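Each of the next two complexes has subunit A plus one more chain, namely subunit B in the first and subunit C in the second.
Here is the complex of A and B:
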């Protein structure tokens, strides 16, 4: 009952916000939704399947470049948007085949290196527009309906996020999801239950890449241009911070984490732009704050924001022994 | 059913298992005992596929399996209860047992994500079978608790339920009695006796000699990576080589 009311309330607020926000606030709202979409994938990969990726930004970029290149070559934007997650997932399958033999921090560094390589390729190659990137990407449209204004992109983003969350929930509460959660504890025991561990790790890597690719596709239509500079390594780290802060292994935690970090960064941006602030204020504030937030959360709320809050609430209500996800 | 022929495995030039042969017949409970460091765990891992054998053949139900991945051997009908508690964290007792049915069901990512009819059919079957298995090992009332909070004896019962869900042809138990208290050990022994009475073939690897001689039809004794005796519990107990191996360790 409480869940239903909360769900309806969240849906109502989500739908109402684009109508009342101004354009600069809408930009934050859209970027927040896109970040949440990628973070849900990170949470699925890290929190449920126990694999680390420091390169989710690469799949975000692959999605964005895919949709942009197709749209610039006259392919209908809807087809481009569908292709974005597909190409991102296929790239993850190709890249993941050698990479997922690695574990722990080896895998983390390898994915980081993958993003650096892809970014430098995008900066060198002609068809990706080099360092300048791709510009004048047409507006998103379906048939004769053309997206005009940020509000449309806000709805598109949050519809995409809802889809990603639904798919994730359906996967983790099913046979393949149980297999993923099992292999996160013990690959040996999972294999002995008949789970093809390698294949499952690859599929979940591809699925999380597809979420990032979808977000990238929406991003390129919204901003109208993509360039290597849009996808710094910091963005990949940001997704991990969001997932950890919100609470790994919870779907809503990813959204909470993405919201908390995005809003915090926005506040810091405003702060550092105040008159009288030194020129190095923005970078110092953002980097220092990432570090600080991560340290504080890991020290004091190791499970993340959302589990910490729900634990406290349910303990208050009564001592319920089990929380089903 | 299981035929191990001349299997060897070394680590850094030292043989942990050297030229070991043993066979397990249909419906038999075969025990493998040996002092610490005899190579029991290595042999176990070679049979289940978590280690690759350097030499030798392993055939299971007429298939050559020594080159098959662990999950393929599992799907042929090998189920395992591990010594170290290998319950899956962050999952309930019921979900843990449901994982055991992975090899017998098919619903993949697509049918799960889209909630296709196949997914629903599979889930119903999996849940029903998991409940039956939990009932059988006496864990039904714990079904919705987090599995990692169970005491060790019940974690082992949980693993047993998970293994049985796969409807194994051969059940492999790796030191199932270690770390258990007297009454937990008794419960486990009774459970294994029930399974034997039901005709299940069991390979029991165990440090505790009394536990094995009570349950096994036949006992294979390992020492320093080699088989030093193979026979009925009574024969093995009287074997001078076996006595030497155990007494040698004790002195």
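Here is the complex of A and C:
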């Protein structure tokens, strides 16, 4: 009952916010939703499949470039948006087949290498527009309806996020989800009870890539341009920070983590824009915050923010003498 | 032919710098099982320190020494964060060192700004068999060779070095005979910082260093270190030299823009080949 009310309340607030926020706040709101979308995938990959990907930004970039290239070549934007996650997932299948033989720090470095190679290629190839990237991407439209304002993109983003969360929830609660939890603890044990370890890891990798690709697709329509500079290595690290902060392997944790980090950075940005602050303040503050939050959470709250808080609450509830349930 | 020789020697110098960074990675990974993502940062810290100290008018030698010590201190601090707390798993420690590297970005921008900096090295060049070699390149090769000899002596001939090796081969047994494994781990981090610092000091005169150079350095260093499966220093050295020569050849014969892809592609292939020869059980038990 409480969960249902809370869910409805969150849905109502989410839907109401785009109507009341101004344009600059909406930009934060949209980027938050996009970050949360990618983070849900990272959290699924790290928490359930036990794999660290330092290259999630690469799939975000693949999604954005796919949608942008299709839209620029006259394909309807909706088809481009659908193609973005599909292409991202397919490239994850192709890249993942050799890469997922690796594990632990090897996989972390391999995915980082993949993103560096991809960015370098995007910066040199002719059809991706080189370092300048692709510009003048048309607005998102379905039929005759054209997304003009930021509010429309906010609804699009959060609809995408809701879809991503629903898919993730269904995957986790299904039989394959149980198998994923098993292989995160011990691949050997999982394999000996008949779980096709390699195939499952690959599917989760592709699924998380699809989420990132969808976010990238929406991003390119919203900003109207994509360039290699939009997808630095730091963006992949940022998703790790968000997933770790929220709590690995929890769907809502990913959203909480993405919100906490985005809002914190936004607050710091306003702070560093105050008169009297040095020009390097924004980048220094954001680097310092990423780093300190990551280190403190990994060392002292290894479960993440959301599980830590809910544990505390449920313990308090349990300690009260009258059991309500 | 002389062009080939020039590329070869330049490549060896580049490879030597990579080898120093990779050997720091190997030293830390052997003793603690942690892959130190902040290894490139140590080189950047040392490089930026030298350029500042030389700029302030301190003499050569003193500036370089101070910069290397600063890098060693940075290594020790990273180690404290990564393994100072009991029960941190190697993968958590990897993420902590990642955080340490990003934190270093903030400190470096405050202290040195975000523009690349360089430092004067040895000027002039030598002609060897018709090939012109910058003296700084020869210095890099010489210092690296000396460092590796000293490392071999340290690990093979001193009590401290043997204690470190003991922790590497069996931490439990090392603890039983009275070696403080945690202290040795911190020592390994300081040593890693020292080696990274030497690399940074040597490289800064050759190519300008900025706060985010560490990604290229660590990726190259890691690529070399995987040749030796992150545990064998000699194979790491060979891997680093091969990598340096391959990159310089690629740049010299007109594929300059694909230098990074060469290094990364090589690393991926080596890792995948190695992984296919190991079983999952042997990895999970360690």
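Some points to look at:
Everything that follows uses one rule, which is that the second predicted complex is superposed on the first by the 318 of 325 C-alpha atoms of A that agree within 3 Å, B and C clash if a C-alpha of one lies under 4 Å from a C-alpha of the other, contacts with A are read in each partner's own complex, and residues count from 1 in each chain.
Note that contacts are C-beta pairs under 8 Å (C-beta built on N, C-alpha and C of every residue); 3 or more make two chains touch, one makes a residue touch a chain.
On a predicted model such as this, the values are computed, not experimentally measured, just so you know.
When the two complexes are overlaid on subunit A, subunit B and subunit C sit side by side with no clash. Shared-chain residue A:159: touches no atom of subunit B or subunit C.
Ranking subunit B and subunit C by residues of subunit A touched puts C first. In the superposed model, A:75 lies in contact with neither subunit B nor subunit C. Contact with subunit B, but none with subunit C, is seen for A:195 once the two complexes are overlaid on the shared chain. In the superposed model, A:290 lies in contact with subunit C only, and not with subunit B. In the overlay built on the shared chain, the residue A:120 is in contact with subunit C alone; subunit B does not reach it.
For the combined arrangement built by superposing the two complexes, subunit A sits at the apex of an angle of 80 degrees to subunit B and subunit C, based on C-alpha centres and given in steps of 10.
Looking at the shared chain after the overlay, A:186 reaches both subunit B and subunit C.
When the shared chain is aligned, no partner comes close enough to touch A:15: not subunit B, not subunit C. By the touch criterion stated above, A:175 is placed in contact with subunit B alone, subunit C being left untouched. With both structures placed on the common chain, the touch criterion links A:109 to subunit C but leaves subunit B unconnected.
No C-alpha atom of subunit B lies closer than 7 Å to one of subunit C in the superposed arrangement. Shared contact residues of subunit A, touching subunit B in one structure and subunit C in the other: 186, 188, 191. Across the interface of their complex, subunit A is touched by residues 48-50, 69-71, 74-75, 78-80, 82, 86-92, 95-96, 98-105, 107-109, 112-115, 119, 122-123, 126, 144-146, 162, 166 of subunit B.
Residues 167, 170-171, 174-179, 181-182, 184-186, 188-197, 203, 207, 249, 321-322, 324 of subunit A touch subunit B in their complex.
Residues 52, 98-99, 101-106, 108-110, 112-114, 116-117, 120-121, 124, 186-188, 191, 233-234, 237, 240, 244, 280, 283-285, 287-288, 290-292, 294-295, 298-299, 302 of subunit A are the ones touching subunit C in the complex. Those residues of subunit C that touch subunit A in the shared complex are 35, 81, 85, 88, 90-92, 94-96, 98-103, 105-106, 109-110, 113-114, 215, 219, 222, 226, 257-258, 260-261, 264-265, 267-268, 271-272, 275-276, 280-281, 283-284.
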